[in-house]
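Lettered A, B, C, D, E, F, G and H in written order, each chain numbered from 1.
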Amino acid sequence: MLDDVLEQVRSGALSVAEAKARLAAFEDLGFAKVDHQRSKRQGFPEIVYGEGKTADHIISIACALQARGSSVLVTRVNKEKAETVLRACPDYSYHETARVLYWKKEQMPADDSQGQGYVAVIAAGTSDLRVAEEAAVTAEVLGSTVHRIYDVGVAGIHRLLSHLEEIQQASVSVVVAGMEGALPSVVGGLVSHPVIAVPTSVGYGAHFQGLSALLTMLNSCASGISVVNIDNGFGGGYNAALIHQLVHRGGTRT
Amino acid sequence: MLDDVLEQVRSGALSVAEAKARLAAFEDLGFAKVDHQRSKRQGFPEIVYGEGKTADHIISIACALQARGSSVLVTRVNKEKAETVLRACPDYSYHETARVLYWKKEQMPADDSQGQGYVAVIAAGTSDLRVAEEAAVTAEVLGSTVHRIYDVGVAGIHRLLSHLEEIQQASVSVVVAGMEGALPSVVGGLVSHPVIAVPTSVGYGAHFQGLSALLTMLNSCASGISVVNIDNGFGGGYNAALIHQLVHRGGTRT
Amino acid sequence: MLDDVLEQVRSGALSVAEAKARLAAFEDLGFAKVDHQRSKRQGFPEIVYGEGKTADHIISIACALQARGSSVLVTRVNKEKAETVLRACPDYSYHETARVLYWKKEQMPADDSQGQGYVAVIAAGTSDLRVAEEAAVTAEVLGSTVHRIYDVGVAGIHRLLSHLEEIQQASVSVVVAGMEGALPSVVGGLVSHPVIAVPTSVGYGAHFQGLSALLTMLNSCASGISVVNIDNGFGGGYNAALIHQLVHRGGTRT
Amino acid sequence: MLDDVLEQVRSGALSVAEAKARLAAFEDLGFAKVDHQRSKRQGFPEIVYGEGKTADHIISIACALQARGSSVLVTRVNKEKAETVLRACPDYSYHETARVLYWKKEQMPADDSQGQGYVAVIAAGTSDLRVAEEAAVTAEVLGSTVHRIYDVGVAGIHRLLSHLEEIQQASVSVVVAGMEGALPSVVGGLVSHPVIAVPTSVGYGAHFQGLSALLTMLNSCASGISVVNIDNGFGGGYNAALIHQLVHRGGTRT
Amino acid sequence: MLDDVLEQVRSGALSVAEAKARLAAFEDLGFAKVDHQRSKRQGFPEIVYGEGKTADHIISIACALQARGSSVLVTRVNKEKAETVLRACPDYSYHETARVLYWKKEQMPADDSQGQGYVAVIAAGTSDLRVAEEAAVTAEVLGSTVHRIYDVGVAGIHRLLSHLEEIQQASVSVVVAGMEGALPSVVGGLVSHPVIAVPTSVGYGAHFQGLSALLTMLNSCASGISVVNIDNGFGGGYNAALIHQLVHRGGTRT
Amino acid sequence: MLDDVLEQVRSGALSVAEAKARLAAFEDLGFAKVDHQRSKRQGFPEIVYGEGKTADHIISIACALQARGSSVLVTRVNKEKAETVLRACPDYSYHETARVLYWKKEQMPADDSQGQGYVAVIAAGTSDLRVAEEAAVTAEVLGSTVHRIYDVGVAGIHRLLSHLEEIQQASVSVVVAGMEGALPSVVGGLVSHPVIAVPTSVGYGAHFQGLSALLTMLNSCASGISVVNIDNGFGGGYNAALIHQLVHRGGTRT
Amino acid sequence: MLDDVLEQVRSGALSVAEAKARLAAFEDLGFAKVDHQRSKRQGFPEIVYGEGKTADHIISIACALQARGSSVLVTRVNKEKAETVLRACPDYSYHETARVLYWKKEQMPADDSQGQGYVAVIAAGTSDLRVAEEAAVTAEVLGSTVHRIYDVGVAGIHRLLSHLEEIQQASVSVVVAGMEGALPSVVGGLVSHPVIAVPTSVGYGAHFQGLSALLTMLNSCASGISVVNIDNGFGGGYNAALIHQLVHRGGTRT
Amino acid sequence: MLDDVLEQVRSGALSVAEAKARLAAFEDLGFAKVDHQRSKRQGFPEIVYGEGKTADHIISIACALQARGSSVLVTRVNKEKAETVLRACPDYSYHETARVLYWKKEQMPADDSQGQGYVAVIAAGTSDLRVAEEAAVTAEVLGSTVHRIYDVGVAGIHRLLSHLEEIQQASVSVVVAGMEGALPSVVGGLVSHPVIAVPTSVGYGAHFQGLSALLTMLNSCASGISVVNIDNGFGGGYNAALIHQLVHRGGTRT
């Protein structure tokens, strides 16, 4: 892009002031500068981290973005805030377990009948569902088909094995686990696609709010596993969707 | 595969004993059971973790695998052990900085002129090179083209920006950093492809052998970043090659 | 000072009892001994740490200090306590985001048109604003002009670079960041003045209430950075004002 | 025992001095008081922790104990020290991988053909063998039959499953694992007997010398698992032998 | 079991679909897959972890299990939830201190007059009672006789010694302690049966929510001690019952 | 600078290729890109971190920099390496306690008779001298006058107080302490200039390689203290020189 | 004592049953066994830890102890519980800041005019008062005279020095400090009597609930300092009173 | 002392310069300022921390101190350094296990026949002896009689109890333990004198170089225990001697 801008400055197509503005490329909403260019750059919806923001902040950001046609994903929105936002922005949808609020121009993908493959979101226990759903809904809003495979923790390995083919045929897996966090290692040994491991803070005593599961996953002896932050379902889903779409739409995008 | 085996048992094509054997699918070298099926399953060379193994152990594993035609990658082999192994297995190659020993049936890829894209391996400082080279050579042995972009730490941001286009056009980046470990966050904000972050144990005082860099990367506010263990250059290169090849060879493999 | 006191004792200008009293130099309000000499010694307002003190405690300290003409800065005062104090001490002002209550004899500085330079307070994200404002208001009450440069986190490096000149022309920077805490490293590489880094407890999962950002800043590979405690906006502003005023008013003061 | 002693004092069968001596029940070798009564109390060999003791110390303890007919198990003895001890105490045996030196009156058990059951010692990787062998040899010296099942880490779950029946038919399992330490959870979900988990310090980066594996095992979601200290193969073998013999010799002993 | 299934497939007694189903062996209640086979496999009641589950979830799981005749133990149920469940499932019993809800087909054991031995549950302080009772009630519901020996902390060693015979004659001990967690070491030196140590989070200051007691127990210099997670009274009771019943009912079960 | 470059592109004074090159502004020595512009930007010598670099690497960097007239400071160079470098670069000087190698165009400052003020480097114990000297020599090479005040730990407060005037009249203090690290708090309460605190790894037992001293300094209740990494004497000296020179040479530089 | 009992058994003065009872020496209140002998053994009031006990529990223990004439000290009792207890046990007194409830047969000591010396309780800041008062009141209830010296933190060293003689003439000091916890080191360097250091959890950010102050005190370079747990004012006061009374009442007591 | 000095200044008996000098009160040996006044102030030998000092440094300090008649205790001196020092300072003695070098004007105390009481130094295991001897020899050099009671760890409680009377009749105990560190709690419950607890770094796996034992001791539920740093035998002996001598020589000294 630098080449382009410099070239246009040279040719006079762009003034110095315009060139500087082109590089800046954002506008000021007063309390937060929203980067519109980034949305275009990545072909993905605009992501807004909702925790710690008031409903009013979310509404003004959401409206500004929707107005210029970007899809939007707002994470970590509790039910009460979500209802306030939905009254102001009725086109948005809310997923309560995932605590995610979103607006998409096109429909969400329903299945992978078009041969586009899918993301497997695999969760160890029922108490990991909030994080798993955050991953799953994130990947869906970002355009991927998702297969959910839940309650398949390693202490009952037959439950996992009964889903073996469905897991192996995914393009990428997001594996969510709290407690001892061992599930990604087992899955990683069974598949040949990338595994994004998401430790959760579900655990007791010496679990230390997810530290135990996090260390387990970082130390996995299976190859092909990378890890995101504790309870970061969004990160798991985002990484998976990024990989999935590169694979199925092809090539590099900048 | 379970369906196939059960079906063949039903039809009499497979005896009960054969069916059990088929599921087991590995052989015993005495001290370590090498999983031949896995090599086929993943389309990748066989990986051997060299640290803590004697040269003799490495030689017997290496010969067994080469004999049946698998490509082989042995990590964490110091120069002295490598020389002993090379005398016994003269077809193998050794990369000293990366401490990696390997044997490939086909040639390593030289460039991406065939439009297959490439993996960018980006390193913050000169002391991160061992880990960065482990990542780079791993990705190459696994069949990817690699572009190395080194010495571009965040304290001199203009150095990173001067490589911006090369970084943005990669299919996937491996970003290696010790000290404060901030480089993946900056790279993650500049690209739209997946970033694999590798913290290194390079640092002083309150660095705690890489813990500081690891935490930085897990807490990155940029999307699209996932993390592997401290100094795990192999893991970074493996994940990158896995993603790169899915993208450029297409689709899902099991 | 010791010389002076001893000399006056020798000359008889001071009795032994007076000499002892002179060294003691504080009075007792019953629950806390306020050091008036220190206020004179440093040329700065009296600092009161408000957290854990009742509104009544704050009022009695505030009155005692104002009565003898010291400027006063009370930190960590929530809105409710502040309103009670303001009813009793109507000359005080309150800054809600910064949670700071203060009284100044002279006006606060408005701009740096007199060529006195300014302190740059730079913050990574909108959730770091409480801490950033505590730093900014502290520096202002202490007599410095402050430029606020907010929402310029490293994951969108172009936002920071668009403020480059304003940052480089400051006399000293306070850089406030949570999450991965990488902003001070990038700023430190771009300026030639001292950088005071303030980690915040804003983060999730493996952030450990600011420990991750703190370690990042301590391990920065940029020179010229020093660090204060997590969320210690006051400390950041105080250090910056101390440096700024030495620079612009000149010389050493004891 | 208190009743007995008091009763004998009352009846005059024991003098006060003898009674005191009876309660003390140990003798002084100068540098360490060896508790002979304990050996009898537990029906087990005398255990000597060899680390940090010189060969000469070990020889004098070993001779004293052998002289009065106790079986003896000396742990953490390196090869060099062992050879010195063996020259002085030729009846002792040494197991190099387990670093264990022992003397038994009776033969070690060879197999479980007498229907006495066995202890399964299960290890994840080849680098866990030292710890696993310490567990196995300890259990054998203590009188149990041991089945060794090695190199069955969770990243290749089929290898573990191929030993399923052998594992399920044990009386008790010792499961040894480093890296992510997930193996005990998987084994715990497959068996109905007690599992003693032994974390090892085998790992890299964020493994923290076994802390990661230890936390994994403490947080296991499988029931029936308890944990000993990092690399404490002796503790694993001792606990297993204790349980195994209670089961197969029956009842309570004091 | 694999042999059986394969053999029946071979013989035609089982179709391929039936064989697959047999291996799966669980049913889907919608939000959690309950493993009925496991209950049969282990001869123990079905265990449900109640924390984080709503009363309604517990009721539906509890009914499904009771309907097919499994005994059931639901842990970590507070009084309010328990009362709701008891109204829906009137056959269940609730133990308030232990926070345990259960249903048993047969009566709970009252004493060990049949010579079946007993589990000793030993607790250091009155504040450890919740955890100790969770262990005791768990062992009872699982079919063991329990002797409770409470308030015998190491700072008053005579209190422990006054129970010496009762402790030594148990088949297995569960030792529960917070604060410095030293009790298992002392007990372990006095008995010849296995000791399951349970650290509690009872403590202050540098206790770090049980970490101090946990480390103490892992580092015990007494042999025959293994450890479960902090506050995991259930784990202590479960392990003890498992060992106790193997000893007194004899042999191996799969 | 961006304005200038764009303006020259516009006017044709600079080609697009030249403009790109101007922004890059560094040259490649093969293994490390040395940033010449930075040296000019900061008015300070070029800093080279010597640890982990071979004598040959240091020699080639040192020569390249000296050749273009930059002063150079190489830190963490042990005596052996230093002697090799000095044979190749005879103009360099070496300070053994500080482990610093440097070359300055002008003389080092000898005293502050010109009224330029000075940096006080204050150290608690004799074992903190390596770090204190690294700070002192760094500040001197960077052009500041330094007063060394050593062996004034808080356990003998009279030793510190006997230097009170010398400390109070400095422009900035660097306070170096290991053990409990309390010295900066006491100094911070006695002066009105900025204090840079440097924790050292000197300590025993629960000192954890400097963590204890680091935490002490971050938690100081004195205002005006900021902290650098453990053992980072260079950082302490650099920050102090930066502040000192701003104060005494005046104003802002970019 | 063992000699005595055995001797009396021998002479028939004591039956076997009586001898066993004599060793046991405690009675059972149902929920907690109160050790009356210990009270006599130590010449101190009975200590009851109030936290986590209901008012009813405290009342029944308090009555039982008062009934047999022991002085009683109940720590960590909040105001609400205290008022309930005081209604039932009107002879008790309550100290609100110290959260201590007590009953003494004799009067509390008022001053040290009888030349019995005193305990100095020294506190750094006003927010450490709760802990300091717990120490002071504990020492008083245990029979010591206490001098309180508060608000003398190290950042204003003159405040401490103005109390120097009063501190130096104490028999033992309890030094209470949060934040950086440096006060005991300074006091330890000024006195020749034992110093009991009490870290408090008062602090922010990287204080980690008192860990920072605890480490500071453990690492003190002053001799003659020992440390109790974080916020353990009771422990500080108890140790001080124990030492104080040995010194001033003389000799050893068992 | 301040009064005296001021009074003499007033009366002309002391010049201002002399008064300043009097407050300073130490002399400069070049590399370390030795505080002679402190030796007199505390009535104890001068303490020199030997670790990290060369034999030459120790010799010059030792000579200077001996020359003016102070007793001297040099800790942490290995055998090699000690022999060098002994050749230069032949009046000194060396204790190899304790690693302590000392010179005393008077004889060391041999026994407590004069009714002066004694310090009990109690150690858990043979591997704690280095630390225990450092404590014992320190207390002896400082003038106390010491009784050594070794190898009485809590896992064999009868060994401790067999020394009960000797322990109870001491004036103060130093209790040294590694591993789980439980011994001070048990001792603390048996005696009515102060207990100084010394954790050692002796342990394995999750012992973390003494952290486990340290936490155990800080969390002890026995009253009357205070703690010094890990392996700080000197601190244990010093505190004990300080208390012992106050008790047996009486009163307060400043």
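Assume a contact is a pair of C-beta atoms (placed from the backbone, for glycine too) under 8 Å apart; a residue touches a chain by one contact, two chains touch by 3 or more.
By chain, with names taken from UniProt: A, B, C, D, E, F, G, H = 1-(5-phosphoribosyl)-5-amino-4-imidazole-carboxylate carboxylase.
Since we're looking at a predicted model, the values are computed, not measured.
*Asks:* Can we say the copies chain D and chain H touch using the same residue numbers, with more than half in common, or are the two sides different?
*Replies:* Interface between chain D and chain H is built from largely different residues.
*Asks:* Report the chain whose mean Cα position is at the greatest distance from that of chain A.
*Replies:* H
*Asks:* Repeat of A-C among D-G, F-G or C-G, where over half of the residue-numbered contact pairs coincide, is which pair?
*Replies:* C-G
*Asks:* Quick check for the class: compute each chain's Cα centroid; which one is farthest from the centroid of chain C?
*Replies:* Farthest chain from chain C, going by C-alpha centroids: D.
*Asks:* In angstrom, rounded to a whole number, how far apart do the mean CA points of chain B and chain F lie?
*Replies:* 39
*Asks:* Using Cα averages as centroids, what's the distance between chain C and chain E in whole Å?
*Replies:* 55
*Asks:* Quick check: how many Å separate the C-alpha centres of chain A and chain H?
*Replies:* About 60 Å separates the centre of chain A from that of chain H.
*Asks:* Please output the residue numbers of chain B that touch at least 2 other chains, ranges allowed.
*Replies:* Counting only residues that touch two or more other chains, chain B contributes 2-3, 23, 156, 161, 204-207, 211, 214, 218-219, 223, 229-230.
*Asks:* Which chains are in touch, pair by pair?
*Replies:* Final set of chain pairs in contact is A-B, A-C, A-D, A-E, A-F, B-C, B-D, B-E, B-F, C-F, C-G, C-H, D-E, D-G, D-H, E-G, E-H, F-G, F-H, G-H.
*Asks:* Write out the stretch or stretches of chain A touching chain E in their complex.
*Replies:* Residues of chain A touching chain E: 126-127, 151, 156, 158-159, 161-162, 202, 204-207.
*Asks:* What residues of chain D sit close enough to touch chain H in their complex?
*Replies:* Residues in contact with chain H: 23-26, 31-33, 35, 38, 51-53, 199, 201, 209-211, 214, 229-232.
*Asks:* Touching residues of chain E toward chain H in the complex: what are they?
*Replies:* Interface residues on the chain E side: 124-125, 153-157, 161, 179-182, 185-186, 188-190, 203-208, 211-213, 215-223.
*Asks:* So in the complex, the part of chain H that touches chain C is made up of which residues?
*Replies:* For this pair, the touching residues of chain H are 2-3, 6-7, 9-10, 12, 15-16, 19-20, 23.
*Asks:* Once bound in the complex, which stretches of chain C touch chain F?
*Replies:* 2-3, 41-44, 47, 117, 164, 168-171, 191-194, 196, 214, 218-219, 223-230, 234-235, 238-239, 242-243, 246-247, 250-254
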